[in-house]
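Lettered A, B, C and D in written order, each chain numbered from 1.
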Amino acid sequence: MNFASDNAEGWAPEILEALAAANEGAMASYGDDNLTAEVTKVFSKLFERDVAVFLVPTGTAANGLAFGALAPRYGAIFVHEASHVQMDECAAPEFFTGGAKLIPLAGDDGKIAPETFERSLSYIHDGFVHHAPPKILSLTQASECGTVYSVDEIAALSGLAKARHLAVHMDGARFANALVHLGCSPAEATWKAGVDVLSFGATKNGCIAAEALVFFDPGQVGDVEFLRKRAGHLFSKHRFLSAQMLAYLKDDLWLRLATHANTCAQALGNGLASTAGATLWYAVEANEVFVSLDEGAIERLKAAGAAFHPWVVPGDPANGRILRFVTSFRTDMADVAEAIRVAAAPSF
Amino acid sequence: MNFASDNAEGWAPEILEALAAANEGAMASYGDDNLTAEVTKVFSKLFERDVAVFLVPTGTAANGLAFGALAPRYGAIFVHEASHVQMDECAAPEFFTGGAKLIPLAGDDGKIAPETFERSLSYIHDGFVHHAPPKILSLTQASECGTVYSVDEIAALSGLAKARHLAVHMDGARFANALVHLGCSPAEATWKAGVDVLSFGATKNGCIAAEALVFFDPGQVGDVEFLRKRAGHLFSKHRFLSAQMLAYLKDDLWLRLATHANTCAQALGNGLASTAGATLWYAVEANEVFVSLDEGAIERLKAAGAAFHPWVVPGDPANGRILRFVTSFRTDMADVAEAIRVAAAPSF
Amino acid sequence: MNFASDNAEGWAPEILEALAAANEGAMASYGDDNLTAEVTKVFSKLFERDVAVFLVPTGTAANGLAFGALAPRYGAIFVHEASHVQMDECAAPEFFTGGAKLIPLAGDDGKIAPETFERSLSYIHDGFVHHAPPKILSLTQASECGTVYSVDEIAALSGLAKARHLAVHMDGARFANALVHLGCSPAEATWKAGVDVLSFGATKNGCIAAEALVFFDPGQVGDVEFLRKRAGHLFSKHRFLSAQMLAYLKDDLWLRLATHANTCAQALGNGLASTAGATLWYAVEANEVFVSLDEGAIERLKAAGAAFHPWVVPGDPANGRILRFVTSFRTDMADVAEAIRVAAAPSF
Amino acid sequence: MNFASDNAEGWAPEILEALAAANEGAMASYGDDNLTAEVTKVFSKLFERDVAVFLVPTGTAANGLAFGALAPRYGAIFVHEASHVQMDECAAPEFFTGGAKLIPLAGDDGKIAPETFERSLSYIHDGFVHHAPPKILSLTQASECGTVYSVDEIAALSGLAKARHLAVHMDGARFANALVHLGCSPAEATWKAGVDVLSFGATKNGCIAAEALVFFDPGQVGDVEFLRKRAGHLFSKHRFLSAQMLAYLKDDLWLRLATHANTCAQALGNGLASTAGATLWYAVEANEVFVSLDEGAIERLKAAGAAFHPWVVPGDPANGRILRFVTSFRTDMADVAEAIRVAAAPSF
């Protein structure tokens, strides 16, 4: 009964098979191979426009490179105060940008509200040399609270950003889970709502180590190829990344895996929330459940070997009482049922 | 009637005289001269303990070097959301540290409240590689709102910082003004209350360009000498900085100048606050007055040639109505009286 | 007939099998798993002392993190002018260190001569704030010219480094190939000769993407864990890296693979060098052959589909005439024979 | 008899007088004052074209900002191996650029030879992501050996740079001394010969602390204003810098001061070189003399209180025997005569 993290799981069989298939013969290194060219084609089709794609092994790298490409060294980047880029990347954004300033914004449910963003922007004068100039708005989709920005919410925030000439970045470490919830097209969930660049996560949802940095306007790519190389994120045997990504996108594997994870989370959230003394803190819209449970339920779950973590969401008054349960592409629904059963009642 | 900024004034005559006197003969360059050695002695006496002192020309440099010496490249530095280091230095702290993360905290009157700091600290686990580790608490004294932390307030915040092994930095760009308000000794206002390193400002209060970075424990200096050099802040004709600082500290010149500025601000604040429709937003404890005025008063002041600025204090709901008036070491009290007179009533 | 690069090949079957085996069940993420603990044990046994090991996906990352851990932001790092860290990493060392200075040294055969290093060191005064202080000597083993430092050469250079308190780094992207040539133990080739930290390469020699940063004195590790995380090089599904490395080291697979590559290179070097008009520029001591060939031979090889590159070795007067041929863990010896045959004579 | 450094002297009386005059009244801070506007006009007239000027207090800051404005974070900057930017700025260029790579080039007499530059350029492929792309050629004028590039030499080097789209920077810490030697116009010595940006030194030649970063094409300025601010080099009382620079340029003061220094150096060089056993290592073209002297002469000079330093010029075989004597804007010619007399013969 592992609900500790989607990172705690391995990889989908299709991914491993793709690696075996990609091992044939010599290929140009550093991304000059046919598989990598194919990746760009597949993403362009998926997003219904010509995109530029850069593959890296981790989400922290994808986010950092996006910021490095879109902000000068002293730019301001607006983020949620509980977001991964702010709290869980050990100041990687500051490193990849060469010292940009992250502006953390409060916001319910892990999401930035337009008025909060607008107020924060109002403190900064464009062209005023004392102020770090606003350059990027970064949205986490799904959010750190397992919630999902609606397309309208994204569009409203993007509109404010564009009015001040900021680029919009989406940290989509759990983009697949968010998209399944939204039920719209990838294009509608991103560039049609004003997103400029997407960290398209695949690792948490069944890959081994693969994330795609997708620029919807290739003209915004800037020098990200150089930035990737000097950060040590240009793989020599680049086929490893490309093969994973092709398999992940093939025949909607990515959506099937995410649908499974979301369904498990939905069931787990409903089940746990119905136990005595439980409180569900955020709507379960992706593959994470944030809940507080009766002390006895916690003890029973631990005794039964369930893995989950107490959780802190910066800014949330519920801190100290929140538990996080994460489901994944290979969560066993029987485990979900068992966890609910154990939490619900002492076994007699 | 200049109330635009203390930076808009020139320098005290004693400072210029000191430069003339320091021009005699050859001296070792880069700070290996006798005047610079004397500076350390004078500061050690002033602060009642052996201190290490580094002179630089700007407050931004002093703050940046303090941070660079005390935090690793990925460390977290807690600051007020309206502070100079956060808002007015174009991401200099991020530059000088090589990418540290500033954590802006809300707080009334430009000051950080202990519970806010404590809560923010609670979100970060020591030694957890995903979190930028907490390393510095930076307090601005006087604050960006012209208010002054009491000694007890400093001690309370320092206590929380020390319990988590953070260093405490004080941005004292207006330290002289704050000290005059506190009426205690320099030692009591700093290291006796837990401050580790002080950006001791002198430029705003009568010098040309001179700030002292004072480490109360020379063991914390680290490699700041190298950091200063590579930031281009080690002056070849270092006597220029030392001569200013010696003249500034001699015979309490610095305290006399700050007392004058504070007295002017007090009078100006009282006077303006008593005009019809005026609201004083913060207690006048240093040399700044934040006030809103009747529209007619504003027009009359402008017509009379008074210089002052509308002001934005990040996080303050009063934004949009705040005006800032700054007095200085050479403000003419007659200008203060005239400004009050003009603001108070139409001239018939 | 691929002799373009060892990076152009895929991965050894044992590595893929290890990934399949490592896919079972949930494991703690970010390296807190049992496989990763095992990696440290295996390396400690291999090097005959307790070592600290950090796995990353690329050699550029390993080198950069080593430099970041061992040099301050303004330190000087001595490297060969033709080395990978100087020429082929897009200023990654400068990035990972936050701005350290690389001092490139000339040297025959891709190797630094002790007297060259000593002379360069003599230009810098310790503690002199104007000079970037010497902190690291980095040796590339095997070198960029396919040559190998002898143990005595390493010891001589390390001795000079230690006398000035520099750490010694070895870029062992092709360490396996070098060790096979030396015929000594891993310990003798490294820490017993004064090496402090090793970038132990595995990717070029049969892994997918895996390099180990090995600190022979765990006390020198410093904050490399934080540096790795903020560079985006801490893998969430860390088992991927560990499983590769365990398989690579198991039953001397790494040495068998390197022996094969070296044997192929030896044969290829001998064969090509014996063709009419050929010149072998460097001793073939690892898996690379640097040779110039008769124009006709070049044409025939290309026509036969052989892949190889014209090469530039910074500082070498032979530039413009050098061709590089690389063999790998899965070079087919029949291809070697065929290449020699084709180069040697027109087919009638 | 101070020949230790031009930095060891104070400031010219005209400079101090200018500071006194500039102290009147309130002025806009941070460079929005009339004196600063005047500086740009004066420089534009001096250089016979519209230039953009940024004043800073040190040469290290001027050089660093020039590099930061003209090179991306991973760019390659070509410099002489003995240059100030390479040897004497504690890796400041790497800091200001956020990690660019300096490529040190050997060269006689402190000067880069075109063929050396060309060869080094040939090792780097444009657009090849593994190579730090060539972005700046930096020439030191006068050089670290007290020699001066001729206009033709500058033009030849600039031509090579431009052919590869590099910008040309001139570190003119001793530009006045060089120009006096060349006898041409400032325009001929700079942009007419292909220089894009000049660090125009004034501190060594009579100012207190003032250097001008001059962009001959204002379109190349980029974001240097932001870079200057975040490096702590934007002075609040900016009139201090502007007043110095205006006085320095007024009525050719700068040329008169440099002419004096050069004349003293010429006399000193001739005199010392004529003493028994002396060797003059470089032509005396600016205000520095590099000479080796008979041991007795050295002892006698020291006994007479003369200040000078043994010197190391990276790359020069004469190291260990070189002494450096520097003259300045206020060297007393009587001291020159006395030094020569003392060096020449024992006093009987």
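Definition applied: a contact is a pair of C-beta atoms (placed from the backbone, for glycine too) under 8 Å apart; a residue touches a chain by one contact, two chains touch by 3 or more.
Worth saying up front: this structure is predicted, and the values here are computed from it rather than measured.
Using the average of C-alpha coordinates as each chain's centre, D ends up farthest from subunit A.
Looking at A-D and A-C, the interface holding more C-beta pairs in contact is that of A-C. Note on chain placement: the centre of subunit C and the centre of subunit D lie 41 Å apart, centres being C-alpha means. In whole angstrom, the spacing between the mean C-alpha positions of subunit A and subunit D is 51.
Averaging Cα coordinates per chain places subunit A and subunit C 34 Å apart.
Contact of a single residue of subunit B with at least two other chains is seen at positions 30, 73-74, 89-91, 95, 98-99, 129-130, 132, 226, 229-230, 234.
For subunit C in complex with subunit D, the touching residues are 73-76, 87-91, 94-95, 97-104, 120, 122-123, 129-132, 312, 314, 319. On the subunit D side of its complex with subunit B, the touching residues are 2, 4-5, 7-11, 16, 19-20, 22-30, 56-62, 64, 89-92, 95-96, 203-204, 208-209, 226, 229-237, 239-240, 307. Note for the complex: subunit B touches subunit C at residues 30, 72-74, 98-99, 129-130, 132-133, 223, 225-230, 234.
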